[in-house]
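Here is the structure we will look at, set down as structure tokens.
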Amino acid sequence: MSGEMVAVDYYIPLIMFLIIGAIVPIGALAAVKIISPQKSTFQKRSTYEGGLIPIREAIIQYNVQYYLFAIVFVIFDVEVLFLYPWIYVYASEVIPTLGGVNIAVIDMLIFIVVLLIGLLYAIKKEALRWV
Amino acid sequence: MTTANDVLNALQSAFPGAIEEAKVGPERQLWATIKPDRIVDVCKYLRDNHNFDHYSGAAGVDRIDEGLFEVTEMLASHGAHQVVALLKVKTKRDSPSVKSLTGLYWNANWYEREIWEMLGINFEGHPELYPLLLSDELMGVWPWRKDYKGYPDYTTAERAIEKVNAEGYTEYSIPPTPAEIEAGTVPVERPKYPTFREREEMEIKGESEMILHMGPQHAVVPGPFLLDILVDGERVKKAFLDVGYIHKGIEKIMENRTYVQGIPITDRLCYIAALTNNEAYCGAVERLLGIEAPERAQYIRMILEELSRIQSHLLGTAEFLTLIGSAVFSPFLYMIIDREDVLTCIESVTGARINHSFVRFGGVRNDLPDGFKDMTLDVLKMVRQKTEEYKELFLSDSIYRKRMEGVGVLSPSEARRLGVSGPPLRASDTPYDMRREDPYLLYKDMDFDVITRKEGDSNARVEVRLDEIFESCYIIEQCLDQISSGPIMAESVPKRIKPDPGEAYYRVEDHRGEMGFFVVSDGSDKPVKVKARGPVYAYFQALPPLLEGVYIADVVAIAGSMDACTSEVDR
Amino acid sequence: MVLSAITEFAAQEPKLYAFIIGLIGAAILASVINVAAMAVVWLERKVMGDLQSRYGPNRVGGRWGILQLGADAIKLFTKEDVIPRGADKPVYVWAPIVASATTMLVAGAMPFGAVIIDGKEIPLVVANMDISALYVEAALSLMAISAFMAGWSSNNKYSMLGAFRGIARMIAYEVPMGVCVISVAIMAHSLNLVEIVQAQNIWFAVAQPLGFVIFAIALITDLGRMPFDQTEAEEEIIAGYNTEYSGIRFGLLYFQEYNVMLLGSILLVLLYLGGWNGPVIPVISFISPMIWFFMKVLIVLVALIWVRVSLLRFRIDQVTDLGWKILLPLSMVNLAWAVVVGLYFA
Amino acid sequence: MGISDVIPLPVAVDKELEKWTIWGRPLTDVWFTTTEKIHEIIDMGPIKNVLNWGRKNSLWFLMQPMGCCGVEMLVFGCPPYDCDRFGIFPRATPRQVDVMIISGYITRKYLPAIKNLWEQIPEPKWVMAIGECAISGGPFYDSYNIINNTGRFFPIDVYVPGCPPRPEKFIEGFRELQEKIKQREDKRGY
């Protein structure tokens, strides 16, 4: 099994990192369970809220505005993802030019302008107003 | 200028027969006893025709010998004139009931609730007669009545019974003492009302709303109190305030101490403003005794009270900075360092850092030490320079301005309606300062400005405090220039303080606003009633309406800019 | 000699080589990075002390208080571990582990400087992949997930608000941050962090000042440092998402925060401040890149601490507004600037 | 108390593990006895000293100003006194603190809340009574609303007298507590 390192191989060490990164805290947690004193009482395991008994649970049905925030983000993040492959092509000499400017650059500038118009629309519609 | 006599004459012509007895006190004070059924009309008349738009408080006195309760309503004006009207209403002791003034003055609410829970006087027409300071356990025993047998109580801790409730939380109940049971003051039937928690739960309307406890232990509270906010997302829809977590019964305790023993208790009323509390109490008793402190003593008092104001404003601003910044925000720590220097000055005279017990009836305890003038002038120079820097810092900090400007705006009319005083009122463009309005000590000879701001927002409140530091410095410098040698105690002060029967009301400008002491004497060596009217009480009452519709982060900014002190509210 | 043997081995057995180097690297980094985080906490407390005219820890372990963090770690390690009754147990237990694993994932692809052997610069990086800049940026934002897990599972209102704030803040700054990384990649013609560093004949902080500022702000936000620490605003929501966490679980979340602070500063140095580039110091040429790298990271760390003690906290709606309405358009402007400069002047 | 508290596994695994036995004894039993043995070994000596060294040098206290002493508590954390020198600093949540400072009068209304806060602090924990009010009720000892003997409700390790004590006294109180932890003479035996 010989040959050049391919892209996938770079993730092998990362998997090792992931495993060790998870094992260390789990080990610590297990050790703590043994070493530290454990005196669990009813009140100790009750929810803290300024010393009083909380009024109702914290996990409730949340305001819909939070959801709008997330949706706007998903849209923009996907758009930005398109920019990443573009890094590798925009300087390529294969791509034709238009008036001395690389056509990929013009495309992307149009794309960004459209993106900004979308952002303006989102701001106008108060999708980004905090809850 | 309207004088107390004018008001009295007007009242007597407008309400013939409604005024039972009346007298005009020396310091622009009008004392009158009003027939119980006419009190609302009289107050309405005074408010509408004579500018009595400031409801300053109410005190309930138990006249057990006469079988009566007295409620004294204190009315004043926001700068239109300097008359203070103290209107008494008497009611039978067996079925006490008085008409409520909440329809006229919004801020009468808490004062009347307090009298209700402490003395059991019913207020007809009061919208929410719920307990304010006391726990449910003490409701119905009316602890401030003179025949209450639960005081003194040395065995609260021993009697406490621990029990686990249905949910599993531990609860405590402290049963009545044998004396109480014997005297039969234990209520057979407690008044019926929804508890604080039930009242809150009734307000939850939507699915996405929740009630967040901020307190009694929370980084925003300067002392234990409960601020509950009903939030939808992060927007506050309604705020609820529950105080009384450190209610000590100071007024009851002072009724059972001699006059002199009351002075250390007033220190603990508000530990940041110990000296002005001393001053207000001693001033009231001095009025009862008819004595006046010698000039040097008055200067010393003024110097120390202004120094105390400086340290209070520094601490207040510093604490406020930790709320909108964090506990590691450097200017907060710098302010505390500066405050230490000011405290050193005060300490060199009084010997204590915060609880001084320094002011005496008819004078002060100690004279100024040698070198005090130079030390103070040095400190003042430093304080001036530093405060200048802080102001510049805040002005140039865009985050600070973004957080503070337009947050928690109190319009002038709203501020007057809510009954706040001191820096929050002055920040709302109302130059209302006891040092000008009701001059005490030698403030009438002093040259200083009453700082006001137009905006009325959190930023303005802080700026007013910082600017007042300069004014205080200026006053101290004038005092240090003018002070001459002389006695520090009046000669006519009796060994045993036993004022003649009577009442006195004396108000001073606390660091936070109007601080008034209402003292009633019956000729013995203990007061019948001591009522402390604190400024923070009014701030707290005004807080829930201010917090509606703001973000959680602004709750902190607004509550912090008020510079609250829980101890004084709870007393 | 050894170096050539390793290269040879790597060429022959790439998968085995990757496995071994991953294991060694992970074992070393797992210990080093946690100690480094403790050092950062100590540094923060000392620098904060200096900035606030006080001493900071100076009693435990000599006059510099070096062992202070050791004491803190022991304390947290032997503290009782409480899981609230209302908590969503699996998520509650996972949150600190996810946080720890996240930092390790970031550390795996992050170059920690370079050494010069035989006149050749060898970057100290475990997984030197082609898209490491994108990868690191993506993995860093996983921290928000662990914070959200912690906040949501606690069933505590303060934690819940902190968790929502954390996510809202992360998503508001993720897009500008991504665009900034793209701008850097355009100038460097690569998404590989090592190549980005090597491409910085002029620091990108100089070539793209706007991008540097935007990235620095977005990074502070991602780290939840002072003007942007709404998730754990002590005065508003007690301790934010880790309000209910105690003992070692809190310790893990706490130290991970500082780990991420360290890794974030390293990322800033790599992307904008020329990484380990610097004039070769004659006598100790072997580690001269390391010295430059270490100094730059230290300066960035101290700057972060300095910012923490001198700025007030934004309100959360102001934070999201700043991200969406100011930084995002500006980052687009920066992108255009990068294209123009990268294409026609480079 | 189960394996799912430590390692993120479904609670069902816990239920399953409860049925398991080792040498005829339930697994949870074995777990507990082992833990107890380990605790005994730790208690015997040197390890405990190391642990207590860590504990005593990292006393985080609950931010809970209650009265006059609350102001001095604030100053205690600030430059002239600077509690951070000793590794002491305030936290706002009881989950992350070791020391509770009772810095004022406990009233009938506040007692359940403060007791709840105390319960919610994880072990090991200590409590300090600072100021006269917390010790005996102070000037308000005869009030109808004050709990004038805090010691009945809390295992108080250190009493710091003063009304209010100066910030230096706070430091002294903490030094005293550190000494007690080192000598293992604190009330709760850590």
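Just so it is clear, A, B, C and D label the chains in written order, and each chain counts residues from 1 on its own.
By our rule, contacts are C-beta pairs under 8 Å (C-beta built on N, C-alpha and C of every residue); 3 or more make two chains touch, one makes a residue touch a chain.
Quantities reported herein were computed from a predicted structural model and do not represent experimental measurements.
No other pair of chains shares as many C-beta contacts as A-C. Centroids built from CA atoms put subunit C at 50 Å from subunit B. Measuring from the averaged C-alpha position of subunit A to that of subunit C gives a distance of 15 Å. Separating the centre of subunit B from that of subunit D, both taken as means of CA atoms, is a distance of 35 Å. Centroid to centroid, with C-alpha atoms defining each point, subunit C and subunit D lie 34 Å apart. Residues of subunit A in contact with at least two other chains: 26, 29, 33, 35-40, 43-44, 46, 48-54, 58, 62, 66, 130-131.
Contacts with at least two other chains are made by residues 169-170, 210, 212-213, 216-219, 234, 327, 333, 337, 551 of subunit B.
Residue positions 5-7, 51, 78-79, 92-95, 113-114, 116-117, 119-120, 122-124 of subunit D are each in touch with at least two other chains.
With chains as nodes and touching pairs as edges, the resulting graph is complete, every pair of chains being joined. On subunit D, the positions that touch subunit B within their shared complex are 62-68, 70-72, 74-75, 77-80, 90, 92, 94, 104-105, 107-117, 119, 138-150, 152-153, 163-164, 166. Considering their complex, residues 10-19, 21-23, 25-27, 29-30, 34, 77-86, 93, 96-97, 100-105, 107-109, 126-131, 134, 152, 154-160, 164, 167-168, 171-172, 174-175, 178-179, 182, 185-186, 189, 191, 238, 243-244, 247-249, 252, 316-317, 320-321, 324-325, 328-329, 332, 335-336, 339, 342-343 of subunit C touch subunit A. Residues 1, 5-7, 34-35, 38-39, 42, 51, 93-95, 113-114, 116-117, 119-120, 122-124, 190 of subunit D touch subunit A in their complex. Residues 42-43, 46, 49-56, 58, 60-66, 130-131 of subunit A touch subunit B in their complex. Against subunit B, in their complex, subunit C makes its touches with residues 48, 51-54, 157-158, 161, 226-227, 229-230, 233-238, 308-318.
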